[in-house]
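Next come two complexes built around chain A: one with chain B, the other with chain C.
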Partner chain A sequence: MRRSHLLAFGLLGSAAALVAPAGPATAQETLKIGVPTALTGTYAGLGAEAVRAIEFAVAEANAKGGVAGHKVEIKTLDTEAKPEVARKQAEKLALEGYKILTGTIASGEGLAMGPLLARWDAIYVSTINKSDKLTGDSCVPRMFRTNHQDAQDAAVVRPWLGSRKEGKWAILAADIAWGRDSGKSFVEAAKVNKKDIVAEIYSPFGSNDYAPFIQQIKSSGAEGLWVALAGRDAINFATQAKEFGLLDKVFVAGVSFVTDNNVKTLGATSKGIWGIINYSSTLDTPANKAFVEAWKTKYNGDEPASFEGETYLGMQVIFQAVEKAKSVKPVDVAKAMRGGTFDTVLGKVTLRAEDHQMVLPNYFGYIGERGGKLRPIITETIPANVATTPPTGTCKMGEL
Partner chain B sequence: MLVQILNGLVYGGLLYIVSVGLVLIFGLRRIVNFAHGSLFMLGAYVGFSVAAMGGFWGALLAAAIVLALVGALLDIAILQPLQREDPIVTVLVTFGLLLILEDFAQFVWGKDFLKSPVPTMFSGSVLIFGESFPVYRLVVIAVAALVALGLSVWLRLSKIGLYVRASSADPLTTAMQGVNTDRVSVIVVALGAALAGISGTISAPLLALSPSMGSYILIESFIVVVVGGLGSFAGAFIAAIVIGQVHNLGLVYVPWAATMIPFLLMVGVLIWRPTGIAGSHV
Partner chain C sequence: MTGIVTTDPIVSRAPPPRHALALASAIGAIACGALLAATIQSSLMMTLVTQAIITAILATGVGFLIRQNGVVSFGHAAFYGIACYTIALALKLGVMRVEFAILLALALPTALAFLLGLVIIRIPGVAFSMLTLAVGQAFYEFAMKARHVTGGEDGFSVSLPPAILGIPTAWFQNPHSMFVVSWSVLVLIIFGLALIAASPFGRLTVAIRENEERARFIGYRTTLPRVLVLTLSAFVTAIAGVLFTLYNTFVSPDVLHWTLSGSALIMAIIGGPRLIWGPALGAIIFFFTKDIAGDVTEHWQGIIGVILIVVMLVIPSGLGGTLAALWQRRFGHG
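What follows is the complex of A and B.
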């Protein structure tokens, strides 16, 4: 009896959920942005950054009377950074009219959403996914990437690795699409620079204990270590690596490792770690300075973190595409995005028509002290035409 | 290799302290407490906050006391009123509690990851067979061993320990013998929660603190409890140590299968020895 009650409630609940999306008649007028992102789990911190940046951009746009007159509305759903959950949540958002999707963390999620975008009549703008596949062999006309892909990071790593004195390197990366991608490009960069890879380790996503890997790296005799871990994984690893003395013994660099957020959590542990910096609040462009100032005013003096800056850039692109298209229809926005040039916090940038990858400059640096505060310090700026390698030809882009 | 075995002991030790709390609660109440992971998480956060002011020992004590109170409240307010309900109701309610506690932690401590420093008295490392090994990890092993020892002495020698063991074996007969299981239960659930709090605090310098950290450890603790035999204390100890080793050595030697091995172990135990490694009774 009790169980049947429960079942009835469950059915009632799902029925209500199905009825709800009917939505108000003004749906055409509002620019509805769906945010399927990680609100719980290993990447919860990164999801929180994405949401904060989107909320900031939306508040800013609405304060100016909307985007080309369209009021902007967002809805966020939790994906736990899991591809199958992301697909479900994105579908839910699209069915409710939130058809411009963005803010998703893991590449696997973007790859899961891609093939279904046309069916949902939605578009997806990646601001954080890095796997080359998104704009490579898995590219679709309704998927765009305004952040750096792995190939752009690799283009920065190759010359940098050549300048390092360490000959033996180990790789520790998360065992997900992005980590595998990053590991592979580092192996190639090592080959070009005649460096030995003495250990190549892919740790399970969301690991608690990194001690076994740390031990492996120590006994491999590596002089340098390349790390592709993010969020909770990065913090767990760095904490435990420090404890085992690995950070002091081996030269450590990585991708998504030198971020403001990791600096904030790890404090002194993060000092002296090198890596690719995709965005930093210290970037010296007028647009970025204005953005950072506005951000600080809104968030009590906090500076925007890496994923916040990158996601804000994505929102700038979406808004400018809506203005150009004079429409909030996903397909019109997509047409305006393809091949378009946009004014962003990183300057004027173009979204390449061939594979929908943004042509961006990239940065390299380390975590050090500046102005009495630990923060990512940029030592090298690689211009967009060098950092962005030409399309590989694996993407066969269809018509919109 | 030896260092890898020590690492396995550290992880197994942590798992043991979490799972033995689950076993205590299951043994007496016959319920699977889904909120146990969030008690672990709360312990880590309470420990984190207190450690900043009162040092490591203060943090350990505070986490144990606060969580014991939470546990007592959990038993009086939720588990006792629900004891005559279908077990699925208790499972659902404790699962709901897990979500509430996660939101609570997010509200109090925020969404960002936090990190507790290693207590200064245990920082640094010692040389073990030529390999340096962090002192703090040895402390974790020692705490787990002390908990195991203390708990088995308490279960063997104290009156409540006797009741708990009796009740784990046969709750109905124990109640018929005149044991007031409700009163015993408050103490036992409080103790189980306090152990979750202690394990949370000692793992805080090793793991990133986040409101959802409890769910990471909860699943592996369930595996430990099932492999060890539901309600079996010695079983939980053996299973935690075995899983700690299998997990660590698996990651090193068969990385592609490492996350699967504990689950395979559980499936194997359920098929060939459903009462668990040490479970002669259920």
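What follows is the complex of A and C.
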């Protein structure tokens, strides 16, 4: 009698345990997205763009009744673009349940978060980090990149550099993972094209005074200058370079330098600067046109800027992965992302399973006038299969 | 600062039975810590507390220097950061076992502080602070520039072996178990420092702090004791660095920057550097104020600044000092 009671309770208990987590609770579970990004400091401008794009995507999804029935919620914390702070803030977000992390700016931040994602049971989707290491030797199963990596930018720079008449080049890049990567790729591109690198300068992240570097570039006799600076660094440099007359003497091109935000701040100074354009609101795909229209309606006629477009793309990928996985669990979402194909503002794109890098087309162009406004104008479109070089093999991807 | 040796309560009374009492409270405190870790379920809360405790050890090191030597260091991040980078680099380059790396991480900053102390301890006041700042920043700049080994601004991850001294490494990374480890270390450090402060050596350094000339006149050598205080303070700071690295498994030049030394100093002042445990209290208050204020506003530094100003103007002995005074008034002389 007693034993049978015990058995009955036992069976009932295990049945309850089996049913409970699979019940309605999961169907309404909120999709919680954590945004550890730069709200202050040198990259605050970029952080603001990332946050705006994420908020836009979330509002859009929630207006449609959520992602596969899951309401979307975000929480943003300031990382100051410092790896150490990013680690702490990401941990806080993940432990509060915001386990799908995105919108982080500096590559160093992504690299700091990567090894800890498993400990936090989180995933990280980069929409702005460019360092090849993220999907190279530092790759982890829970880290993805939906934006362009340095190698993709380099693939665009190589043929373009060959077409330039300038023979002597200088490099000015931020002394962080991304700047170093970009500088290295440019040196290689120069070698291939038989161009001389006469100065290779890495300025401290968050510099205010670029005068010594500008002087160095001037005295190096460079005819062309490759700039890998972003945010306030880019603006400080460009303003001072104009004052010192560098922009008139030397042909300037760069990466993350030809962005809408910089154009807005620099005005006429930026006219004629060439560079890699990873996203432009002028891109002629139906998905992008719809996105730009919706954005304009929401933000008083403003068009989405470069990092806004790229981050929105990342959000599209996350949402579609959740739909495919029918789950908001980080591991399930990660499985759906790996090797998946997604409809984005840049068309149909695939997230490579080998290294978790998105296979993307890339663009090149300059800042010029169109429709009475200064903006990045695309002159060259490089298809995804050319722009994205095959995995280098440095990434040894583990199991999820 | 105006009183002379005999007016300082710590100098004038330190009867032996107090040691037993202190030991009992230390054991009690460790037990309480273990109990707290068992009670609090939230990993988020525990990770915050653990980080606060590790910072508290750093602040205790900085505070001890102020308490015993009466000088302010802006360069303690160097001792902390060198400990972090020693472990990280030793493991990255694969030159030694993690246990040796930890020992080296404790020995290097301590030895550096001793040698440095022999030179700079004679320099008074602001000049001393400036020198510590300069030395600290030199290490920061080195970590920034030596990109090929240190990863520069980006820092790098530390890959720890699966076990340290036979203890699974996961223990040092789980917020609950790491809290118990760091809390116990903090309690033992405070206990140890209290013993040292109450010893003849501790009383001598306070005497030197109050009036070096007089101490020398009585016949004491005054340089070496002060150097030893700096060395001890650096050793405590290095312990914090070791715990930080084991828990975080990531180092970047932030751990060497003077702002870390500055924060530790603010913690010590908020908590009250005249008490051994004051800076630790200050660190916990600092850490949680930063965390809570940081959620509300990006300008959390402003809130910390206001707290610092209020503490310095209203209660110069710090929050710890005020608590101790209240305790004294409530429970009489004991």
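Rule of thumb we're sticking to: the second predicted complex is superposed on the first by the 372 of 400 C-alpha atoms of A that agree within 3 Å, B and C clash if a C-alpha of one lies under 4 Å from a C-alpha of the other, contacts with A are read in each partner's own complex, and residues count from 1 in each chain.
The working rule: a residue touches a chain if its C-beta (ideal position, glycine included) is under 8 Å from a C-beta of that chain, and two chains touch if they have at least 3 such contacts.
These figures come from a predicted structure and were not determined experimentally.
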Partners on chain A (chain B, chain C) - clash or fit: clash
Contacts of A:F244 with chain B and chain C, given as first, second, both or neither: first
First (chain B), second (chain C), both or neither touched by A:P204: both
Partner chain(s) touched by A:T265 [first = chain B, second = chain C, both, neither]: first
Which of chain B and chain C A:A48 touches, first, second, both or neither: first
Touched partner set for A:P83, first chain B, second chain C, both or neither: second
First (chain B), second (chain C), both or neither touched by A:T40: both
Touched partner set for A:N62, first chain B, second chain C, both or neither: neither
First (chain B), second (chain C), both or neither touched by A:E91: second
Touched partner set for A:Q215, first chain B, second chain C, both or neither: first
Identified clashing stretch of chain B versus chain C [58-66, 94-102, 130-138 or 220-228]: 94-102
Residues of chain A at both interfaces, chain B in one complex, chain C in the other: 40, 204
Partner chain A, residues of chain C touching it in the complex: 42-44, 47-48, 51, 144, 147, 151-157, 159, 173, 248-250, 252, 254-255, 294-295, 298
Complex contacts: residues of chain B adjacent to chain A: 3-4, 7, 10-11, 85-86, 88-89, 102, 111-115, 118, 125, 131-134, 136-137, 205-208, 210-213, 215-217, 247-249, 251-252, 255, 258-259
Chain C-touching residues of chain A, taken from the complex the two chains share: 39-40, 77-78, 82-85, 87-88, 91-92, 95-96, 106-108, 111-112, 114-116, 119, 138, 175-177, 180, 204-205
Chain A to chain B touching residues, read off their complex: 2-3, 40-41, 44-45, 48, 201-204, 206, 208-209, 211-213, 215-216, 218, 231-232, 235-236, 239-240, 243-245, 261, 264-267, 269
